[in-house]
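For reference, the structures are reproduced in the following blocks.
You will see two complexes here that share chain A, one where it goes with chain B and one where it goes with chain C.
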Partner chain A sequence: MATIIDINEEKALEVKDFEFTYASADAPSIKKLNMPIAKNSITALIGPSGCGKTTLLRSFNRIHDLYPGNKYEGEILFKDRNILTAQEDLINLRIQIGMIFQKPTAFPMSIYDNVAYGLRLQGIKNKTELNDRVEKALKSAAIWKEVKDRLKHDANGLSGGQQQRLCIARAIAVEPEVLLFDEPTSALDPISTAGIEELIVELKERVSIIIVTHNMQQAARVSDYTGFMYLGELIELGRTEELFVTPKEKLTEEYITGKFG
Partner chain B sequence: MTHTKKRIILNNIVMILSTLSAVIGIGFLFWILSVLVINGIDALSMTIFTEEGAPPGYEESGLKHALIGQLMIVGVATFVGVPLGILAGTYLSEYGQKSKLSETIRDISDIMMSAPSIVIGAFVYAVVVAPMGHFSGWAGSIALTIIMLPIILRTTDDMLQLVPSTLREAAFALSAPKYKVITQVVYCGAKAGILTGILLGVARVAGETAPLLFTSFNDNFLNTDMNEPVASLTVTMYNYATSPYEDWQKLGWAAAFILSMFILSLNIIGRLFIMNKKGK
Partner chain C sequence: MNIFIDKFFANTTKLIAIAILLIVAWIFTVLFQHSMDSIQAFGFDFITDTKWAPNLEKFGALPAIYGSVVSTFLAMVLAVPLAIGVAIFLSELAPAKLKSPVGVSIELLAAIPSVIYGMWGLFYFVPIIRDIFGGVGISMLTAGIVLSIMILPFMAAVTRDAMNTTPDILKESAYALGGTKWDVIKDIIIPYAKAGIIGSFILALGRAIGETMAVTFVMGNVHKISADLTQPATSIPVTLANEFTEADTDFYYSSLFELSLLLLVISFTIISIAKFYFLRRKRIA
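Up next, the complex of A and B:
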């Protein structure tokens, strides 16, 4: 019954018959979900609280694995392999698929060390290379001008919006292919939000982006594709302008017109 | 009488009672401190730090033996107890989490924290001193380590759990393996709290007398061999203060003063760390 459009472009990820069950739950939180994610574009996931959109997002880098007992079924294809297998090298996967969280997660260290963190994990020790890549990442995240004179300062001294851009810089420094955004602006003021949205749109030239958002205007503003989820199912996936103007599913229409949710 | 009036009167009664209780409580603290300071400063002199114990009546007597002995016993206990406590706390918070084993360890260390220290002294006497056949500084350090361990373990556990889980997730999402997440990110976020736990743990054992009576015993002269009985400020203070000789009693006051100032400053530094952390 779901309406899922075919994506003719190259795909970054493909979800096939995916089910996810939390350790403490009897029933799956995501049920038989199928969804293509287009490469170098922005896919937004919308839906009411508890619909499973964040759960789905957190499956793409298998961050659920930190908590024992969570169960995946089905497939998520990335570069022609199913990343849900036990053999999957999670460290390697998380280098290629980065994540930005709802609240800024600046580490309790300097601004420089925050951005260099992922690079150092990859074994980059050369000072010049580190400096270059930190600068490049901070520039891409549009925060270089604000922090270039205080790279050695504690990152927790930055404002919320700056911290979130720092986290984006930290994530793109390792040059991932996919970036997952989990409601990245819900803790920020409107001006910082606009800055982050602009940045996300710029980033899609280099990475494929999936963004979970509670804010439908945000989905409409930034994304190329939008998926509407409800009760653990993908109800509709379409090009953003079509989904918001001429939704194919009744549920989608009711949600975007504010009848529930 | 109107309802409002009644409420105002009741409010005033409760306020006066609670203020009074607080004043009484704090009053005792200042009373103790002022008696200590008056008698302690009076007893202080340079020879306290340069001379060892002497028979009553000798001019040249001091607490050098007890100060050095105290540092050795507490130093060894800290050296063993701190890494052990931090590692155990790390296990509870980061690996065991809510498992049955870690919940049991948490319960047991909470009980251990309130165990009478004299019981721990008696235990170390039975398993270390009696088989060795004599008192020793090592035995004293072991007793203090046992007392310190649950304090450091539980504060480390609590402080690590205060680090938001999103911070851990963010480090994992950047492809960090677990041991690096813990040592580079989680410890970094909890370092002020862990340091506070260490300071409070050291302060707690530095003031212990009962377990040392059974273990390191005492020596009126300087002894740096941890295999033999070693003097400590607390036991020396107990012996001198209860002696009938006035000059020994004076040394007892000096010991009490030095010990209290040491523990007070550890506590204040520890609390400053906590305040600093909250301020951020």
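Up next, the complex of A and C:
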């Protein structure tokens, strides 16, 4: 019943017959889901609350594994391997697939140390290399000018929008191949939101992006592909301009025209 | 009308807050008044003199001060790493099945009256220390260990609570960058909970330095400074608990009051320094 378009471009990720069940739940929250994610483009996941979009997003870096008892079935292919196996090196996976959260999560340390954190975790100690990569990441996240004179200051002194850009800088400093955004602007004002959206679009040259959003306009503004999820299933995946103008599925049409949500 | 109620409420709470300051000042004044005889007679020598001989009317407080400081220091050195370990286990590592029973038993331990720690220390712990380290078993070391056991549950429980306030999303962010459990504990959770953790240490320190019952049983009330921790010693509260009933002269009585004044000053100083030193950085909310 679902309408899922074929993607001719190279794929960053491919979800195959994926099911996810939370530890406390009897029934799976995501059911038999199939979905390609195009490389170097932005895929938005939309749908009403509880549809499973964040659950799906959090499966890509297996952050669900922090809480015992959650169960994956099926496959998520990344670089020709299924990342859902028990042998998967989660630390390495999370370096390659980064994540930005729905609220800014500056660590209780300086601005510089925040961005250097992921690099230091990988054992990079060389001062010059750290300095270069921190600067590069802050520049890519369009926050360098604002913070270059106070890199040693506590990151919690920044505004919400600046903190979120700092978190993006921190995530791209380790040079991931995929970035997952979990409603990255839901805690921000409209101006900061516009800044983050612009940044996300710029980043797709270097990384493949999946973004979960409550905001359909945001999906329409930034993404190349949009997936509409409902009750744990992917109802429709299409090119963004087509999905919003000529949805193939009735449910999609009802959702984007505001009949439910 | 509403404004009146607000004003009334504000003034009542203000009064209560000021009462606290007055009580502190009052305690200081009373202690000071009763110490006057001793202060005038011995002056600064009271603090530096090591001889405490009531029958000769000689009162030097240094052994008691030394005992208070050293036993508290020992207790903190032993208890702090254990408390952090227990708290890390309970907040981050323990399986859900263990978390709650162990957590509750720690809170129960924290509620045991200190006299019971003292009795347990005297009848169970003193022989063990005697067998292992020699001496009579009643000693500075025993006092330090009993004190550390006494303050450990409180420190562990409060430290755990402080660590539990770390938002999941902050921990997840560190995991999402490729952090291990150990990385997240040392770089995120402990720095985030730092103010609460240190607060619990300061409160425990305050409790240890003034603790009377638990140490009176196991310390010995011997006014001697010895570098050997297995020797009996005394502390300010131990001296006060043991000797007030025997204070038959005015000087003796007044000297004991000066001791208690010293204890108050030492507690205030240590806690102020600890607060200033560890909590001067703005708390990260």
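To be clear about the criterion, the second predicted complex is superposed on the first by the 261 of 261 C-alpha atoms of A that agree within 3 Å, B and C clash if a C-alpha of one lies under 4 Å from a C-alpha of the other, contacts with A are read in each partner's own complex, and residues count from 1 in each chain.
FYI, contacts are C-beta pairs under 8 Å (C-beta built on N, C-alpha and C of every residue); 3 or more make two chains touch, one makes a residue touch a chain.
Everything quoted here is computed from the prediction, not taken from an experiment.
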Fit or clash for chain B plus chain C once both are placed on chain A? clash
Once chain A of both complexes is superposed, is A:191 in touch with chain B (first), chain C (second), both, or neither? neither
Report for A:27: first if it touches chain B alone, second if chain C alone, otherwise both or neither. neither
First (chain B), second (chain C), both or neither touched by A:86: neither
Report for A:98: first if it touches chain B alone, second if chain C alone, otherwise both or neither. both
Just to be sure I read the superposition right, which of the two partners does A:121 touch: chain B = first, chain C = second, or both, or neither? both
Overlap the chain B and chain C contact sets on chain A and report the shared residues. 61, 63, 66, 91-92, 94-95, 98-99, 101-103, 105, 107-109, 117-118, 121-122, 156, 167, 170-171, 174
Given the complex, residues on chain B that touch chain A span 164, 166-177, 180, 184-185, 188-189, 280
The answer for chain A against chain C in the complex is residues 61, 63, 66, 68, 91-92, 94-95, 98-99, 101-103, 105, 107-109, 117-118, 121-122, 154, 156, 167, 170-171, 174
Chain C to chain A touching residues, read off their complex: 95-96, 167, 169-180, 183, 187-188, 191-192, 194, 282, 284-285
Which residues of chain A touch chain B once you look at their complex with the stated criterion? 61, 63, 66, 91-92, 94-95, 98-99, 101-103, 105, 107-109, 117-118, 121-122, 156, 167, 170-171, 174
